[in-house]
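Structure incoming, see below.
For reference, chains read A, B and C in written order, and residue numbers begin at 1 within each chain.
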Amino acid sequence: MTGKLRRLLLARRGGRSWHWTDVASYAYLALGVLLMFGPVLWLALSSFKTPAALLEFPPSLLPMAQSEVSVPGYPQPLPLFRVTMEDGSVRELAQVRRVGILAQMVDPKTPSQTIRVPTDRRTPVRHMALAVENYTDPLTQFDFLRFLRNSLVVTVVATIITLLINSMAAYALSVYEFRGKKLAMLGVIGTLMIPITIILAPVYLVVTKLGFVDSLWAVILPGAATPTGVFLLRQYMLTIPRDLIEAARMDKASEWRIYARIVMPLSMPALAVLAIFSVMWRWNEFLWPLAVLTKTEVHTLPIALNAFQGELQTQWHYLLAMTVVTLLPVALVFAFLQRFITSGIANTGMK
Amino acid sequence: MAGLELRGIRKDYGSTAVLKGIDLSIADGEFVVFVGPSGCGKSTLLRVIAGLETVTAGDIRIDGAEVTQTAASDRGLAMVFQSYALYPHMTVHQNMSFALENMGIAKAEISSRVERAARMLRLTDYLQRRPAALSGGQRQRVAIGRAIVRDPKIFLFDEPLSNLDAELRVATRKELAALHAEIGGTMIYVTHDQVEAMTLADRIVVLNGGRIEQIGSPLELYNRPANLFVAGFIGSPRMNLLPTELVREETAGPAATLGIRPEHVEPCAEVDADLTVRVDLVEQLGGETFLYTSADTGGPNGLPLTIRCDGQSRLTRGDLLPVRLRRDHLHRFDATGLACRPDPILARSPS
Amino acid sequence: MTDTMRSHGEPARGPSAAAAAVTTGGANALMRLTDPPMRAVQRLIGAARMPYVFLLPNLVFFGLFVFLPIGINIVFSVTGGTALFPAERPYVGAEHYARLLDCGSYLEAASCREDLFWRGVGNTLTFTVFQMVAMVLFSLITALVLNRPIRGRGFFRAVYFFPVLLSPVVVALIWKWILQRDGLLNAVLTTAGGEKILFFVDPGWAMFWSVFVSVWAHMGFYTLILLAGLQAIPRDVYEAAEMDGTRPWRVFHRITLPLLWPNLLVVLVLVLIRSVQVFDEVFVLTGGGPGTATMMVVQYIYTTAFANQVQNFGLAGAASVLLGVVLFVLTLIQLFLTRRRAS
């Protein structure tokens, strides 16, 4: 029986026995899980802690708060401690005040009698408490919903524009032969690696001249024509059999109809990959919005977060909660489309 | 339905000439087959007619109207592609109605046309399926159906049967012949399979190296090939080609090469024999027998001679066989490869 | 043909199914709206000129937000003053370039007139070297491990990959929270009997964590590229090596590495290009500090143009042009390598 169980637990693909490299591999992967998931998990746990719990050192793993009791005769609820008495018995007492290394305590059942206890004889009584107000307060106190909405608008509108104009350009560059095609391709490839960071000021000038400063269009439009997107879609469209396009031409379809009714539906997998990436680029975009969105009411989530961490140095509880909110949509998208995203990246080599 | 006129069609790809001057008229309602070895330009010629390729020189008329510069979508022709080029994301019904939608035809009319074509092609049960869910033969019929619903001026077929297995190919060939009899449209059909050409065509156009070698009805080409190329290309097994000296009392004047089809070589008594051959291989097909033999010429390899006999044969490898060439079926070719004919008009093909 | 038909024939699988359903509905309505004008355009200019129509929108965006800015940037770099509009800026020639390149010794940032720029260059170089080594090493090891016959490979691949999708701000904040004075790491250190370390006060530690966090966030992407390369190596090559009794290290050295080399090269160059542009994570994590210990070139450009009291677009422009030239050369190298890989 035990032999069978052992064989079941230790069985490996191909029926071979364990080798030290297998052990090392799984150890490496386990460490990886800890290192990759751990920090995010820690963030999520911390985001539910009260400001007091966040200041604790060493910090507790789970969001804990000290239990309190209302004791007759005391206007405020008193913190509860577990105290080891001199006779070795353990009692739960509420602390009235602390003087040096001595604490004045009362038994909640007999509030009239105070007991003096050395502070090293007591440990706080704690229970798990989720500080949900970390999430709800920012919604009411700061314009958090507005930042969320701004991020959503930027993400959705920019992705739609990107998909449309990138696919049109990719269609032109994959299906047709025309004068200037090489030059257009060169333009696309040449800008693949020019990050907006190095042309920040001039793009700012252009956006100013177009009157977009401090409007969401300033973030949506400049990044809409992505060379990566054109490149990815073109590579995919090249695999669509030319016969289909010629058949459509024989079927009296206009070039626009061939694009919209034949090439676009057939490019759906590549379009989906680009859509997912565009969503992530836009949702996470930082430097450009930071430069161009100076007014608070047009801030997107990452910018708002950055501003918070500057302004509210001590208010980690809000910051952590909002970081979780920013992270959540991406985590959800990834959870559902994981296989699709990773294979998309492996096939296209883009990020 | 319409006639077609090609005058001086030339097509160059860079410095390579693919079509070197094609003149051809096709009458209304005719079934014309372009046949030739791969690379002879037959597919290019079809695509030129379709408008999918531009010409380097020459002009194309459909029903007397000049269409050389007209786009494929405006020529009113329908094409069945070798790959079928079915739109994979559309159902059979959508595939067949796509062209009609492009032409702006009313919905009711589209449906009735599609259903009529589907009945004709036994596709009624498959109208809601996608191409991926169809067998090879069914896909092929959809491709034909897509052309039929259009009621085009001319049907173009680009090796439509080459992706089918042998049995289906024979069946579909018969259906195509029946279809032509039924709807009577002008059809231009490209194939490298001479059996398809022989069985389907009203007229065959034999192409080689970008030129027309001969135009004529199937039997005309079989019985009176204009040159060595056509003689060798049409007929299976191939026509035997012999040097003139091999045959006794040959008086063919300028002839440099003699040709005789396998069925016109007869085993005979030794006294009547033109030559004696050694049997190398016997192919028994039951109803007929092919003897692959060689005549002793003194060299290391004998001169190959293929013989077709009716019925079955008792001959085996190594047997010696006296044979006679039927004088009335001898083809004579001069040193340049052209047929020597009493009638010089027939002998000269436009090349 | 059948294969390609099939692969294009069923795009409606997985996540794209919903997308496809939504798009077909919307597409029909859009079609009725857009087809007549586009058809008219085609009739007007002819089918052969339609590709220009399709290229136009993208080209307008490229022109406005990429090509034009590159031009303006060059103008900025040779003009002075604080005006944003090029026409209002006086021509100063190569002054900004001279100022950037004016150094007593290029090895000593303090000896340069624009010492912040050179500190940025130095920091970026340090960051790039360490990050390249660490990134390639760890993504290679991870890819090799994941390429073994492992249970739950998909899960582990996802674990390493998911930080790639996180916003750089989120990544930086996650680690900032762990690395702060009373953070998780210091808690672990003190429980183990050590002393608290002020990671963001010590220049060495700040640079270390900048590299670490960057590797943490991006190694999943490169692991994926390398894993794809490893899986493209035919199994029978390994089986042949096994039949020949080749030892594992030799298999890695003589078979895996040479066959993976093209992918590895691409990863190297991509890491290089991205390192040179690094900004977001490090900026949020350390703010460039302590002092200027982790201030990168891009941060220098950003602060010079936007964050400083005096917005010096000329100087920032000149620095951008220099960085652009470096990136352009690196991109050319990458294109050359990918093209060679493709052929």
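Here, a residue touches a chain if its C-beta (ideal position, glycine included) is under 8 Å from a C-beta of that chain, and two chains touch if they have at least 3 such contacts.
Since this is a predicted model, take the numbers as computed values, not measurements.
> Going by C-alpha centres, which chain would you call the most central?
Central by C-alpha mean position: chain C.
> Specify the chain most distant from chain C by Cα centroid.
The most remote chain is B.
> Taking the mean of the C-alpha atoms as each chain's centre, how many Å separate chain A from chain B?
65
> Between chain A and chain C, what distance separates the C-alpha centroids? Give it in angstrom.
18
> Using the average of all C-alpha atoms in each chain as its centre, how far is it in Å between chain B and chain C?
Spacing between the chain centres: roughly 58 Å.
> Could you tell me which residues belong to chain C and also touch two or more other chains?
Where chain C meets two or more other chains at a single residue, that happens at 1, 5, 8, 11-12, 47.
> Provide the list of chain A residues touching at least two other chains, using ranges where the numbers run on.
241, 254, 257, 261, 265-266 - these are the residues of chain A that touch more than one other chain.
> Where in chain B do residues touch two or more of the other chains?
71, 73, 83, 86, 88-89
> Help me check something: in the complex, which residues belonging to chain A touch chain B?
Of all residues in chain A, those touching chain B are 241, 243-244, 246-254, 257, 261-262, 265-266.
> Touching chain A in the complex: which residues of chain B?
Residues of chain B touching chain A: 50-52, 71-74, 77-79, 81-83, 85-89, 98-99, 102-103, 146, 150.
> Considering only the defined contacts, which chain C positions touch chain A in the complex?
1, 4-5, 8, 11-12, 14-16, 19-20, 23-24, 27, 30-31, 34-35, 38-39, 42, 47-52, 54-55, 57-59, 61-62, 64-73, 76, 84-86, 141-142, 145, 148-151, 154, 156-170, 173-178, 182-184, 186-187, 190-191, 216, 221, 224-225, 227-228, 248, 266, 273, 277, 279-280, 284, 298, 301-302, 305-306, 313, 316-317, 320, 323-324, 327-328, 330-331, 334-335
> Looking at the complex, which residues from chain A come into contact with chain C?
Touch list, chain A to chain C: 12-14, 21-22, 25-26, 28-29, 32-33, 35-37, 39-40, 42-43, 46, 55, 57-59, 164-166, 168-169, 171-173, 175-176, 178, 180-181, 184, 187-195, 197-206, 208, 210, 221-225, 227, 230, 239-241, 254-257, 259-261, 264-266, 268-269, 271-272, 275, 280, 283-284, 286-287, 291, 301-302, 305-306, 309, 316, 319-320, 323, 326-327, 330-331, 333-334, 336-342, 345-347, 349, 351.
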